[in-house]
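Order of writing sets the chain letters: A, B, C and D. Residues in each chain are counted from 1.
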C-alpha cells in the first residue's frame, strides 16, 4: 500500500468533513500595515525597530494604543538567543495602561490568526499584530536544526536548506519541475523585488542564463534558489465592520483564514506536496480563478512551485510582487509580511483580491492561508 | 574606523548538554542501534514505520508492535553536505539522504558515506555502517554505504 | 453577537515529579492529552484544533516543539497554535483555546501545557548569559524577593505568614495524587527553619522544578450539554499585560493584575469575590504571593490579604475560601503547565471531580496565572451551571 | 488517600520489546548537546551608555513624553512605545529603592561571597531603579531608602561596561522616607 498517498487522503478527508460545517464570520479587515527588512539591522535594536513600525502603523490611521482592543505578537527565543525575549519587545507597544495581550512563539501570521479569532468573539473591534526577527545575530541554519525531532534528527544537525534540497531533488527527479523552472522563479523574485525597498536580493536585468550558471550550493539548489536571510519586522492593525470602514478608505477584508499542519517525520510525508497548504487554502476559500495576486512564503524556489500547485495558481495571478521570501526572508515575520504585502496592494486600490501564505517547520510542514478582498 | 567608533560586540553562547529520556519505543530503537540492529513499529494497516514512533504519525493512535527491519535499503532523495555543520557527527563531506530500508514503508534521514556527489544517485542501494563504539544514539549508525552486491554486479 | 458558551469537557494531568525518566517529551504530553480525551469521552479525531503552550523553548532545547509534537497530539491535518506568555503561559494557552470556541471557529479544542525541565536545568535556562549586563540576580527569587519585602513593609504582615502558606499548600498536596511534593512528615517548624535563600524567601517557601503536562478539552454549548461527565462552564476570561520597570510602577499590586481581575469578575457578574467564589487556584510560586494576589484580585482589602491566611480562610480544612487545594505551584511546577493546572483544577472543583481535595459543593471557582516580572496575567472563572 | 492510577496503559505500557533485545539493559536516555553562538551587538544608544562608563559616567534616557529618565537606556519609553533620543548624565549617587539578601551563589559569579545584597538603586535624577550590589556595611544595615554612592574600579581598570561600578556603599546621608523611596517617588500627577 502506498502509505504516503494514504496519509494525504486522510488529511484531505478530514478537511472536507470540516468544510461542510458552514459558518458566518464577522467582517474583519487589515486597515494599516508597516514593515521593514534589511540584511543586517544595525542602527536600532529590535525594540526600537518595532516601536517605529508600530507607531507608524497606528499613526497612519490615527489610533492610539488605548483604542486597540487586543494585541498579539510573534517571535522566537531561539532566534534571539534569549529566554522571554518578547518581554523586552513589549516596550515597543507602550503597555501602560495595561493592555489585553498575547504572544505566540510562531510567525506573526499566526499571531494575526489569533487576533482575528479574538475579533470574531465580538467584544473588541481592533487588534494590533506584530512580529520580528534578527537572524543576523546568530546562525539560523543551526538554530533551525533544533526544530527537528529531538531524538532521531536534530542530533544529526541537518540544516534547513539541505532538507529543502531533498525536497527539490524529489521534484526534479519525479519530473514535477526542471532546473529552468526553478530559475524562472528565482528570476521572478529578483525582478519583482527591484521596486520593493525591503527586498534584499534583487536585480532588474538578471537573465535566466546567469541564474542557471550559478554554482550549485546545496545540491541541487543554486544560490538564487534559496531565500535571502534578512532582519526585520512587521506591524498590522485589524479592525472589524464599521470600525474598519471608519479607519480606512478601502480596508483589505479577510474573507477567509485557516492554518493546518502535516506530519513532522520527513520520511512519512510526500515531500513533493504540502497537504496542509492545500487544505488551509481550501478552508480559507481560495477560489483561485479570482485571485489577482498571491504572496507565498517558500524558503526555496522549489517550495514556491509546490505552493503554486497546491493553491492552483494560474497565470492570471501575480505571484510575489514583493519578491517574496527569496528576496528577503525574516524568520518569524516573513509570513505576516506576506499578509501585509497583499493587504497594502488592496488598500491602495491596485488589486482587488489576493492570497497570502505563511509557512513554518521543515519542508512546508505547517501552513497558513489568508484570503483578502477590497470589497 | 578608529577603535573608539568600532561597535562593541560580544559572542553569546547558548550551550547545554541536554539529556533526553526516551520512553519505551525510542529507547528500544536506541538499544537496537547499540546492538547493530534496526527496529521499526507496525501501524494499524500493517505498514512499518522506521524509525519507530510511539504513535501513528497521522492518526496519533498508540503503536505497540516493534519489528526488526533490514539494514539494507534504497536512497529516495539526497543532497550533499560540504562542509558539515560543526556539531554534526561527521567531519568530512557526505551525502544526507532519506533512506527506505527493506521491510519499511517510510524512510529515515541519515548520511550516505561516499567520496563525492557524483557517486550518489536516487534509487541506489545502501547498507548500514556501524561505529565501533556504540552507546545507543542515532549517531551509532556511522551512516550508510553502497551495498557491495550492487558494486559487484 | 455574543460569545459561544464554552465548557471544559475533560481534564488530564500527568504525575508531576522532578524527572519523568520513563517517557519522551511526546510521551509526557500524550499522557495528559489522552487522559483529557478519556475524561471528555472523545477520540483524537473528534478534536478540531490543538493549542499548546510552554515556557522558553530552551528548557528542552527544542525550538517550536509544536512542530515535532503535531503527530503526537493528533494535530495532523488540523490547526495547531503555540502560545508563550512567560509564566502565565498555561493560563493564556487555555484562554486562546477558549477563544477558538467562543468565536465559533471550532467546536472542540484540545489544549495542553507542558514542561520537561529535567532535560536541562531551570536555573540555566532562566539565567542565560547577557553580554554587557551585570549578572547579580540569581533566579526568579532574586527578582521577587524585594517585591515581597515591600509588601511586608507596606501591609505590616507578621513575618511567618509566608511559612503558613507554604505549610498549608504542602498539606493540601498530600490530598492530590498528581502533586510533585508529597512531604508527609513536614512540620511547620521545618518550614520556618529551612534555609533562607533570598531573604525574606526561605527554601520551603519556593516552588519545585517539575516535569509534567496538563491538558483540557474545551467544547461549545452543544458539546457541553451532551457530555457524559459533568462539565465546567466558562463564566469569564481575561488577559492583561504591562511593561516592567517604569516610573511609578506598583510592583506589589500591578495595575494589570487589578484590571484583569476587574474585567473577569465583571464578565461573571461577581461583585463580592470572597462570598461568591467557592474555591481559588492562584499562581503562587513564592508563598507570600498568596496574600499579595488575594488583595490584588479583590478577595481581601488592601494590606489585609495576610489575615485570610492567618485565620485559616484559605485552608481546605474548613476555610471559607480554600486557596490552592491541589497544593498549588508550591507543590508542583512544570512551568509551561503550571498556569493550566490552576485553570484545570478550578474546573475539576466545579465539576465535583477533584477527589480528596474537593471543596464540597463548589459552584464557582477562579483560576489564575501570572508571569514575567509580575506583568502578564491570565484569569478565568468557571461554574457548575451555565452563566 | 487514594493513589491515582498513573499507568498510561493505553499509551506505551503495551509496547512489546523485540525478543532479540528484550533481555538487554535498555537505553533510557540520550545526550543531545546543543551549542548556539550569537553575535551580540548592542544598539547605538546602549553603545553610548556602555562607553560612558569608561569615563565614570552613567547615562540615562529622557522620555520626550514627560521627561521621565530611564537607566539603563532602553531606546524607548515602555509606557508609550515612543523612541527616546535624548541622553542625560546622571549622578553616581542615589538611594536603595528595594533590595534582596541572596544566600545562593550566582552561576558565573564566583567572586561574590554569600550572602550578598543586590538592590534596585534609584539614582538622583533617574525615575526607575537599576540593579547593583550594596556593600561597605553590614547586610543588616541595608534598608529601603538608604542613600548610596558608586564605588568605581581604579582608573586603569575602567572598560566600556557597567562592571566598572564595583558596588554601592552607604553615604551616611539621611535616608529617603519609605513612602518616597523607589518607584513611590514618582509623582503620579505627571502622568
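The working rule: contacts are C-beta pairs under 8 Å (C-beta built on N, C-alpha and C of every residue); 3 or more make two chains touch, one makes a residue touch a chain.
Model, not experiment: these values are computed from the prediction.
Student: Listed by label, which chains are in contact with chain A and with chain C?
Tutor: A chain counts here if it touches both chain A and chain C, which gives B, D.
Student: Measuring between mean CA coordinates, which chain is farthest from chain D?
Tutor: Between chain D and the rest, the longest centre separation is with B.
Student: Tally the contacting C-beta pairs at the A-D interface and at the C-D interface, and name the larger one.
Tutor: Of the two interfaces, A-D and C-D, more C-beta pairs touch across C-D.
Student: For chain A and chain D, let me know how many angstrom lie between their CA-based centres, rounded off.
Tutor: Their C-alpha centroids are separated by 35 Å.
Student: Just how far, in Å, is the C-alpha centre of chain D from the one of chain C?
Tutor: 26
Student: Report, in whole Å, the distance between the mean C-alpha point of chain B and the mean C-alpha point of chain C.
Tutor: Taking the average C-alpha coordinate of chain B and of chain C, the gap between them is 39 Å.
Student: What is the distance, in whole Å, between the centres of chain B and chain D, each centre taken as the mean of its C-alpha atoms?
Tutor: The mean C-alpha positions of chain B and chain D differ by 42 Å.
Student: Among the residues of chain D, which are close enough to touch at least two other chains?
Tutor: Residue numbers touching two or more other chains: 10-12, 28-30, 32, 34, 36-42, 46, 50, 77-79.
Student: For chain A, jot down the residues that touch at least 2 other chains.
Tutor: In chain A, residues 7, 10-11, 42, 78, 81, 90-91, 94-96, 142-143, 146, 150-151, 154-155, 263-265 touch at least two other chains, as defined above.
Student: Hunt down the residues of chain B that sit against at least two other chains at once, touch-wise.
Tutor: 7-8, 10-14, 16, 18-26, 30, 53-54, 57-59, 62, 86-87, 137-138
Student: Which category does the touching pattern between chains fall into here: line, ring, star, complete, or other?
Tutor: complete
Student: Of all residues in chain D, which touch chain B in the complex?
Tutor: It comes out as residues 10-12, 14-18, 20-21, 24-42, 47, 50-51, 160.
Student: Provide the residue numbers of chain A that touch chain D in the complex, in ascending order.
Tutor: Residues 42-45, 47-48, 51-52, 54-55, 65, 78, 81, 90-96, 136-139, 142-143, 146, 150-151, 154-155.
Student: Where on chain C is chain B touching in the complex?
Tutor: Counting only chain C, the residues touching chain B are 19-27, 30, 44-45, 58, 60-61, 71-74, 76-77, 118-121, 124-125, 128-132.
Student: What does chain B use to touch chain A in their complex?
Tutor: Against chain A, chain B makes touches at 7, 12, 14, 18, 20, 22, 26, 30, 43, 45, 47, 49-51, 53, 57-59, 76-81, 84-89, 96-98, 100, 105-111, 117, 122, 137-139.
Student: Residues of chain C touching chain D in their complex?
Tutor: Within the complex, chain C touches chain D at residues 14-15, 21, 23, 27, 30-31, 34, 61, 123-124, 127, 129, 131-139, 141-142, 145-147, 149-150, 153, 174-175, 177-178, 195-199, 243-251, 355-356.
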